[in-house]
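Common to both upcoming complexes is chain A, partnered first by chain B, then by chain C.
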Partner chain A sequence: MSIDEKLKIRDDLLAGRVPKRVFMQLTFTLEAACGLAGLDLKRAHFDEELRKKAMRSICETFYTDTYPIENIRFPAVYQALRAKNWVMSSTGAMQHPEIESFTPDDYEAYIKNPYATIMESILPKIFAGFDTDRAHASVNLAKAYSLLLQTFGQEGAFEAQVSQEFEYVTGFFVGALCEAPFDFLADQLRGFKGITMDVRRIPDLVEKAAEATLPLMLKLALPRKVNPGHIVFIPLHLAPFMRLPDFERLYWPTFEKLVSGISKAGGASFLFAEVDWTRYIDYLAKLPENTIIKFEDGDAKKIKTAIGGRHIIGGFFDPTITLTHSKEECIDEVKRLLEIGMPGGRFYFAFNRHVIDINSVDVKKLQAVCEYVKENAYY
Partner chain B sequence: MADLALIKSAVGDLDEDLVIKTLKEFASSNPPAAEAQQVVAACQQGMDIVGERFESGEYFVGDLIFAGELLTDSIDILKPFIGTGAVVSRGAIILGTVEGDIHDIGKNIFKSMGEAAGFEVIDLGIDQKPETFVEAVKKHSPKIVGLSGVLTLSIDSMKKTIEALSAADLRGSVKVIIGGNAANEDACTYVGADSWSRNAAEAVKTCGSWVA
Partner chain C sequence: MDEKKYYLDYEDFQAEHPEIDPEWREFVEPVVLGADDGLYNFIVGYLLM
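The block that comes next holds the complex of A and B.
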């Protein structure tokens, strides 16, 4: 299939039209790429040539319509900042630990001026490199920014090169990234445990803090001039762990305003519904038409029935089943998902989460899954 | 003597103000150890209610985290009066997040609920190598090993950990349960565990059935 045909499929999908074939957006992390190529992950983080070799091995092994590597957490950058919110595990994987950069006493100041509170109080707690005098903090910022530009430049050049070589559709969801206001409070400021306590103890302050966060998230999501096709990626985190009344009061209102605000400005949202959002499906149905939603878990049939005519959905396929099921059973699962998802369009094929460890999948069976979709998921 | 039924239901309802107020009033009376232990048992029974409500879909993970904190705060109030050696343990559980994974929220919920259910939970922490689990099993002779992991990479580490227990000839002496977002029936079979759960309350119940 030519790149023009793939682009047409992508455009049809995003416009809510029935495409020629199911669009495929499969993602692997650098960790998985190094595992596949037999390369040392910790070395690869700091060695462009090793990374390219590893990432190329994924491109050569698995078929997909988009560039298949997810690698945006560069340890050199986080180490320059002495970051606490992204750290390396013993095996070299970058992960987000539970952090608390904000106490319940900080709510009042945050609600009054969230940006100033983030700059002056929160960032120095998340990044120890800023918790020093201004001169040294400036140097640390300059070092981190330089490393970020350098590494992004390397990654971008490689992505452009292989995208041409493998005829990948680029820019499927890249545009901006932000969080639902409540998730931002939880993930970056109070931590999962802290926000859970606050929801029960001081919900009024949590509600006001989420409202105060909304303009910041909109600013992250939207450039001054929104170009056609501007898509904002929003990973959704805490809602599945909340009671419905808490969700309705503290999560949904600002999240809905965020997605609507992006839509009104001419953009679209790409949501990753982490864990199981089936019980919130009626809420998701209220979001602007053609919101893209990737589901990690959940009842695919129920979700397709409820929102498949309005939104673009994908996900559900767990690549780790290749480790524990026969090739035929894996293909059967793909067939089941295609039968559910394809009618009427607005469906793309994606893993329910990135492959982050090549040992968590059977490479040959996963190859067969990708090939099956590529060859058979035609309308 | 405190109103045990009230404490049990207040813990079950996660009514923090009422639980803490009642326990502080009780503590101010300088109670004997036997009475304090009865109050601890009432708190534990309240946690059973929390577990049941979680299983029925009334409570969610956030409520379990809150319940764990509430129980910790409650035991802190009661600790000076409980005495030593009077509480009978249901056995030890070696618990940890496996190598490569640094997530610990689910592990910590399981720890709180396991301790509330009368287990001695020895928490090895996050990102722990198979050898660390092996050494801990040799040292503490637990009945159960709990392996936690959120990321899919933890499946491989869980497998290696269980293989290390087998290689050290320790697998037969312990039951192994895996938990966290990475756990499911297939993963359980693949890694060679005895059970799995994504639900801390259910996992504690499974552990209870193993030592009954």
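The block that comes next holds the complex of A and C.
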């Protein structure tokens, strides 16, 4: 299939038209790439050539329509700031431990001026490199930012090179990244434990803090000039762990305003509904038409029936079943998903989670799954 | 906490500091953290996510 045909498939999908074939956006991490190539992940983080070799092995092994690697957690950046929120494991994997950088006493200051609170109070608690005098903090910020730009530059150049070689088209990771306001507050400010207590003890403050966070997320989501095709990736975290009344009051209102704000500005949202959002499907149905939603788990049939005529959905396929099922059974699962998702279009094929550890999948069976979709998922 | 130290938009900063000639924006903007989109995205959209 030519690159123009793939682009047409993507265009049709995003416009809500039935495409020629199901679009495929499959993603692996650098960890998985190093595992596949037999390379040392710890060394690869700091060696551009090793990373390229590892990432190329994924491109050569699995078919997909878009660039298949996600590598955004650069240890050099976090180490330059002596970060506590992203740390390297003994294997080289970047991990996010539970942290609390914000106490219940900080709510009032945050609600009044969230950005100043981030700069003055939150950053120094998470990054030892900011918890010093202003001169050294400035130098640390400059070092970390420079490392980020340098590494993103290397990754971008490699992506451009292999995209030409393997004829990848642009996927959905093309615009900006932000979070639902409640998730931003929960993830690295209050932490899972802290926010869970706050939701019950001080919901009024949580509600106001989520409202105060909304402009910060909109600023991340929308550049000064929104170009056509701007897509904002929003991974959704805490909602599946909430009670419905808490979700309705504390999570949904600012999240809906965020997605609607992006839509009104001419952008689209690409949501990753982590865990199971089936019980919130009626809420997702209210979002602007053609919102892209990747589901981790959930009742695919119920979700397709409820929102498949309005939004673009994908995900559901768990690549780790390749370890426990025969090749035929894996392909049967793909067929089942395609039968549910394909009618009427607005469906793309994606793993329900990135492949993080290559040992969590059977490479040959997963190759067969990718080939099956590529060869058979035609309308 | 100095509430006036950080501005999300340069225009807000300029509205409160009309004495600063707009021609100096390129020198002022990098220190008004948040008004510089690149640094803002790095701090809020990368370091805290």
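Everything below uses one rule, namely that the second predicted complex is superposed on the first by the 378 of 379 C-alpha atoms of A that agree within 3 Å, B and C clash if a C-alpha of one lies under 4 Å from a C-alpha of the other, contacts with A are read in each partner's own complex, and residues count from 1 in each chain.
Everything that follows uses one rule, which is that contacts are C-beta pairs under 8 Å (C-beta built on N, C-alpha and C of every residue); 3 or more make two chains touch, one makes a residue touch a chain.
These numbers come from a predicted model, not from an experiment.
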Request  = Mind working out whether A:F192 is in touch with chain B, chain C, both or neither, as first, second, both or neither?
outcome  = first
Ask   = Looking at the overlay, what does A:P223 touch: chain B (first), chain C (second), both, or neither?
value = second
Ask   = First (chain B), second (chain C), both or neither: which does A:I69 touch?
value = neither
Inquiry  = After the superposition on A, what does A:F127 contact: first (chain B), second (chain C), both or neither?
reply    = second
Task = Considering only touches as defined above, state whether A:P215 meets chain B (first), chain C (second), both or neither.
result = second
Task = For A:F184, select first, second, both or neither according to whether it touches chain B, chain C, the two together, or no partner.
result = second
Message = Just to be sure I read the superposition right, which of the two partners does A:P240 touch: chain B = first, chain C = second, or both, or neither?
response = first
Request  = Report, in rising order, the residues of chain A that make contact with chain B in one complex and with chain C in the other.
outcome  = none
Key: Touching residues (chain side chain A, partner chain B) in the complex   = 31, 87, 89-91, 93, 95, 97-98, 192-193, 196-197, 199-201, 238, 240-243, 246, 275, 320-321, 323-325, 353, 355-357, 359-360
In the complex, chain A residues that touch chain C = 72, 77, 81, 83, 85, 109, 112-113, 115-123, 126-127, 141, 144-145, 148, 176-179, 184, 187-189, 215-216, 219-220, 223-224
Inquiry  = Using the touch definition from the top, list the residues of chain C that touch chain A in their complex.
reply    = 1-3, 5-6, 8, 33-34, 37-49
Remark   = The chain B residues in contact with chain A across the complex are 14, 16, 59-63, 65-66, 69, 99-105, 108, 126-127, 129, 151-153, 155-156, 181, 186-187, 189-190
